[in-house]
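Consider the two complexes below, in which chain A is the common component and chain B and chain C are the respective partners.
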Partner chain A sequence: MTAAERPVSTAVLAPNRANGAALRASMAYMVAGLGTVLLMGLLGLLMRLDQAGMLVISPAWFYRVMTLHGSGMIAAVLLAALGGIAAGVSATTPLSARALWIALVVYMIGNGFVIFATLVGGFGGGWTVLYPLPEHGIVWSLQAALAMYAGYFFVALGLLIFCVHILIAMKRARGSLAKALAWRFLFSLGRDKRDALPRPVELIAVVIAIDGIAAAAAGLIYLVPLFAQASGVVTSVDALFAKNFVLLFGHTMANLSIYITAGLVYAALPAYTGRAWPTSWPVAAAWNLIIPLMLLNYSHHLYADFAQPVGLQLLGEIGSYAVALPSFIVTIIGALALIYRSGIRWTVAPILFALGLWGWVFGGLGALLDATIPVNQVMHNTLWVPAHFHTYFVLGALAFALAYLSSILDALSETSERRGTRAAAWLYGIGGAGFILMFFVSGANSVPRRFAVHLPEWQVYARIAVPFVLLLALSLAWLSWDLATRFGSAWRATRRAVAEP
Partner chain B sequence: MIDLFIWEWEWQLPLFATLVTVEVGYIALWARSTRRLRNTVQSAAALALFTSGLVVVALAVMSPIGANDERLLSMHMVEHDLIMWFAAPLLVLGGIPLLADERWLPAPLRRWFVFLTRPAVAWTVSTSLLWLWHAPPAYGLALSNVAVHGVEHACYLVGYSIYWWPLIAAPSTLGGLNSSVSRVGYILAGATQSGLLAALLAFAGSVWYPHYSLVPGATVSTALADQRIAGALMLYPGAILFVVAAALTIREPVVESITSAG
Partner chain C sequence: MNPHTVFLVLIVLGAVWTACWAAVLVSTRRTVPFERLEKSETRLRLILLGGFAFVAIALFALTLRWLPYRESRVAKMGAPHTTVTVTGMQWNWALSTRQLPVGVPIEFAVSSRDVNHDFAIYDARGRLLAQVQGMPGYTNHLVYVFPAVGEYTVRCLEYCGLGHHTMSATITVTDR
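Entry: the complex of A and B
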């Protein structure tokens, strides 16, 4: 197969002048997302210090901080991921900078509502806003719960605008969504190559846009009856309906982050290994399978709900296992094969990409265990659950997003990364691993999650974790400083012509 | 139970005279500049928008909304919303075709105009005016004195006309923001400060303005409920308005042609 038939990822890392406006918007997403991650990370540090008994936060404030940290992190990592995927897609597919900026405004207004609801309104019902708790808070008012819902509404709307735009842009560029999903190639088992295949990052963008629209729609469906109840139109809302839809929204959003950032590995890693990562049949099959599977696995959060139909419980378990397979087989093994004996130079971006792969593997394994019904019934309300999602957020999605921003700066900035920054990338891995390991150990020892007050015998795990969290914070600050000093030059370069390789 | 005057209009002759004078002055300027604009549709639209802005001011202050602003904080907030978020941008939309070309302005006025339409200055002025007038002493003074109340509304109108100017003005004209990122940052900065004030008002555990608990028929409890509605009336429509502002003012950049680096 020639390069003309299969677009090669290595040829598109360097952005060109035509996509400068969209690229600038994408970079703004990444900066806004990663900046918010730093702030939310500080809140996480506060909570861990409290759990270690080194700092005393009142329970009311602990739950406010926990709610903001959880919802803020999911929104922030997803925002950085959306920026990354838009940057990757914009290299070959025209995107509207206007649509991207408008989606960003809507999304950030949603984030503002969440901040007001928690820090000003005192809302502390957790990021899951599980009905009917938000409406019956003793320490917060109904207004605070409504502000939280409004925040989710705007975030969902921003996501919806972004995803719809990606679908429209890809349909225009490829002629149809079927072509953008490489269906002719897929369903002919790779024999029919008449359609020009999308690049992996474009295919992944379409997949996540479809699931993003489904997630946003679930969020909006969840919110409508709650607003109706608050305004007195309906007297009550079915709690099981509410839980299903809020988790279909929130869990899918969290999942989207990791899957989108995995798409960034396809976009940037080939440039460092010098090997192409084309849209092969397994890649097309794996990512098309992820469309339905990502929407099924949320229900492993409802195993403890006896009213949930057994069929849905089983579907949740099967979906949770099944969604892991395409990712493991195609993306992780594919990326490792790309790296193996490639003579890769281990600069910051490849180090973080490699860390992200391992974070994804271990976080995924933790998730698989939690998705197993007998294990879930013992472990789900312990720190095992934060352990697994922190693994694939901190060491997975965030590492991928940082790596991708670093790769954009490698391509555009006149300033090279500092040699010492590689040490920061390794320290990030060590800090992250130690921090997460103590979450897993705590979970294995049945330390409960979402508890503001930790018993003295639980505090030892948090105390061991604190130095690792500080190391993580230090390395993140170091990496951020390096990225910030190179960012201006890259931003200006988006206005200049860049010769494509 | 608070008695509301649902059908009451509060005719304020000084305000009415001011609005008519401004409209007449505008028409004079408009007639003079219509020849320069050479675009009848644009010119007529400017006149209609500016006139609409003045009508919104009149409706906000003299209709039952304004007539009840001393009885209910929520009514007062609707009045402010109309002035800041509808009247001010309409006046700017109508004023820009006349004022954006600042060459005809006298030099000292031009200098002030250039200074005030700098985004950082415009944001600071509008934010300061909004927050200062919502401080309980200032708000209380406005409620007890008709003239001060008028000054408060004028401050909102002027402050938010200045705020909207950089967003509405084209990048090439006076005070116009010239990139999408600056427009987005400016919109979010404006939304954040007014949203924060609204949230503080909506989530407050005590009555900020005791005047409203002393209105015949009101209690501290009804005043607090009214205050929460007032905060919500600023918070939610404000968010929607800034989204609309983003949709209307963020433009697609001109696609640059690909040229070689050197």
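Entry: the complex of A and C
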């Protein structure tokens, strides 16, 4: 990339002496997260080959791989997202590198427990660890289940440390959380501008920190009775209570990834389009609304639990529709407006941001249909469900996280991206679209999810998907190689950077 | 609800979205000052807000009419003709009867002896027709009218361990 081809403004990404250490910690999150994504993606390929009948994995190993793939992917994408948001915030708000590193270490200890529980302990209870299955595994021990619980405990604790630190840092920088959430501006309908408004990425960091704390608390509330039961303090745990809390934890963790990485679009896309994206009233309103709405929509996974009060089922449907509204009307339309007739140069970062916008909406359409209770009756727990969240993840959150890391390297690295890498970015989109589309087709043909063995008539969908998965894997490897070759230079730049004007 | 209809809706909406997205990407060959777009952006947001709210309210109204829960189905279909007790267990289904009549409401009282299961009814063409969770400590009631005589397959759709994919049963539906 020549100087003329550089993004219009990279000032917001430029490190200074105050944030260099925090930026390095953030980049470590992103590398750890994206590296884990690559490994977990390979496990996903193995599963798809098995479902296509092209590779035979024993059911015991399939379910262990499935468990590790699911839990590892959720944790990895979230980790990369957390790194991105910390990098974005640290450009203007001092963050403690020590706090970030502590949270990362605790989080990775959790990941270590999960790997140990699945690969060594033989745990194959699924990433949802839905009570009481972990304790009725038959082919795995209670100790393996406890190791899995311990993994989730440390992941929740790492998330909690991260989120609490973000809230403390933002409160310190802005004077209060109300100011960090732009409440005076929001509740005066945009008229009262006495408080300096947070940048969108800062506002979003506070929003996701609040929901992250709620998710971590739900995870801990889920785990405490299970540990109590394992130690003999209580005899049983209510299955419906457990399901509500484990989904509030896990579903919100997955949701956090997409909403955090949406924050990265606000942080970096303006630099490529040459257009500002400030905290307007719609932005402040949308993201404040996300706080309660993100915590409501998990219950669309419980529609088939007829014991759940009908009022909660209807609330789940309303919450699922409502959470889409601010995201689409404000963030997606805002990002498209930023791009429209902007003369943007299609380098890797904006290509991936654009793909992420496509995937977020397409996955959202699949999710909204499934969140409609009568539709859910014939779609729940078919491959339609992984279809929509793989669309969010592969062509939403992951694309945004890769784009943001690429934008950091654009700003800091002395090594430019290779022109061919742009082709890899587009191929990533094609591979991803083909891959997720076959999941949707499978779901429409009622193919169940989480089946180690597929009937012959179901295998055709996986067979068509395999070439797309391979394309996805190759393009991701290509993108990762390009990012890796530019990373060292950017890392060194964080040490010698001077304060931005 | 036919899953293929749902897929068609997704493809149509997805195609509209993809066309709009692609148009924005292609538009970047030309430039206009951002300030000139602001009014159009606000107008577009308001139109979309109204459209989205209308569709969401319509879908919610349809939902209220087609709820799968016992009271709603009984109100629509009438009192159940037969009640079948179903117990899920790793990795089998125990049904009080597997011979059922066509065209009348059947109530399935579904529970579990061990972990969470999902009682899902498939027709002979492999299409999912209805489902309800089988949960330890709870009994969930699914009311369903079999539309035609023939063999129906019951599968477990809630992951329940090593033999999850093998957990199936057959229901034979006959003329009364």
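By our rule, the second predicted complex is superposed on the first by the 486 of 501 C-alpha atoms of A that agree within 3 Å, B and C clash if a C-alpha of one lies under 4 Å from a C-alpha of the other, contacts with A are read in each partner's own complex, and residues count from 1 in each chain.
Criterion: a residue touches a chain if its C-beta (ideal position, glycine included) is under 8 Å from a C-beta of that chain, and two chains touch if they have at least 3 such contacts.
These figures come from a predicted structure and were not determined experimentally.
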Combined model on chain A where chain B meets chain C, clash or fit: fit
Which superposed partner A:Phe306 touches (first chain B, second chain C, both, neither): second
First, second, both or neither for A:Met54, with chain B first and chain C second: neither
Chain B versus chain C, judged by how many residues of chain A each one touches: C
Chain B versus chain C as contact partner of A:Ala147, first or second or both or neither: first
First (chain B), second (chain C), both or neither touched by A:Val234: neither
Touched partner set for A:Ala477, first chain B, second chain C, both or neither: neither
First (chain B), second (chain C), both or neither touched by A:Gln377: second
First (chain B), second (chain C), both or neither touched by A:Leu42: neither
Gap in Å between nearest CA atoms once chain C and chain B share a frame through chain A: 18
In the complex, chain B residues that touch chain A: 180-181, 183-184, 187-188, 191-192, 195-196, 199-200, 202-203, 228, 231-232, 235-236, 239, 242-243, 246-247, 250-253, 255-261
Footprint of chain C on chain A - complex, ascending: 59-60, 63, 124-126, 128, 130, 132-133, 136-139, 236, 238-240, 243, 275-276, 282, 303-307, 310, 313-314, 317-318, 321-322, 324-325, 328-330, 333-334, 336-344, 346, 354, 357-358, 361-362, 365-366, 369, 372-375, 377-382, 384, 440-441, 443-446, 448-453, 457
Chain B-touching residues of chain A, taken from the complex the two chains share: 16-18, 20-21, 24-25, 28, 96-98, 101-102, 104-106, 108-109, 112-113, 116-117, 120-122, 141, 143-144, 146-147, 150, 154, 495-499
Contact footprint of chain A on chain C as seen in their complex: 1-4, 6-7, 9-10, 13-14, 17-18, 20-21, 24-25, 27-32, 34, 37, 41, 44-45, 48-49, 52-53, 56, 59-60, 62-64, 66-70, 90, 114-116, 118, 120, 122, 126-133, 135-142, 155, 157-166
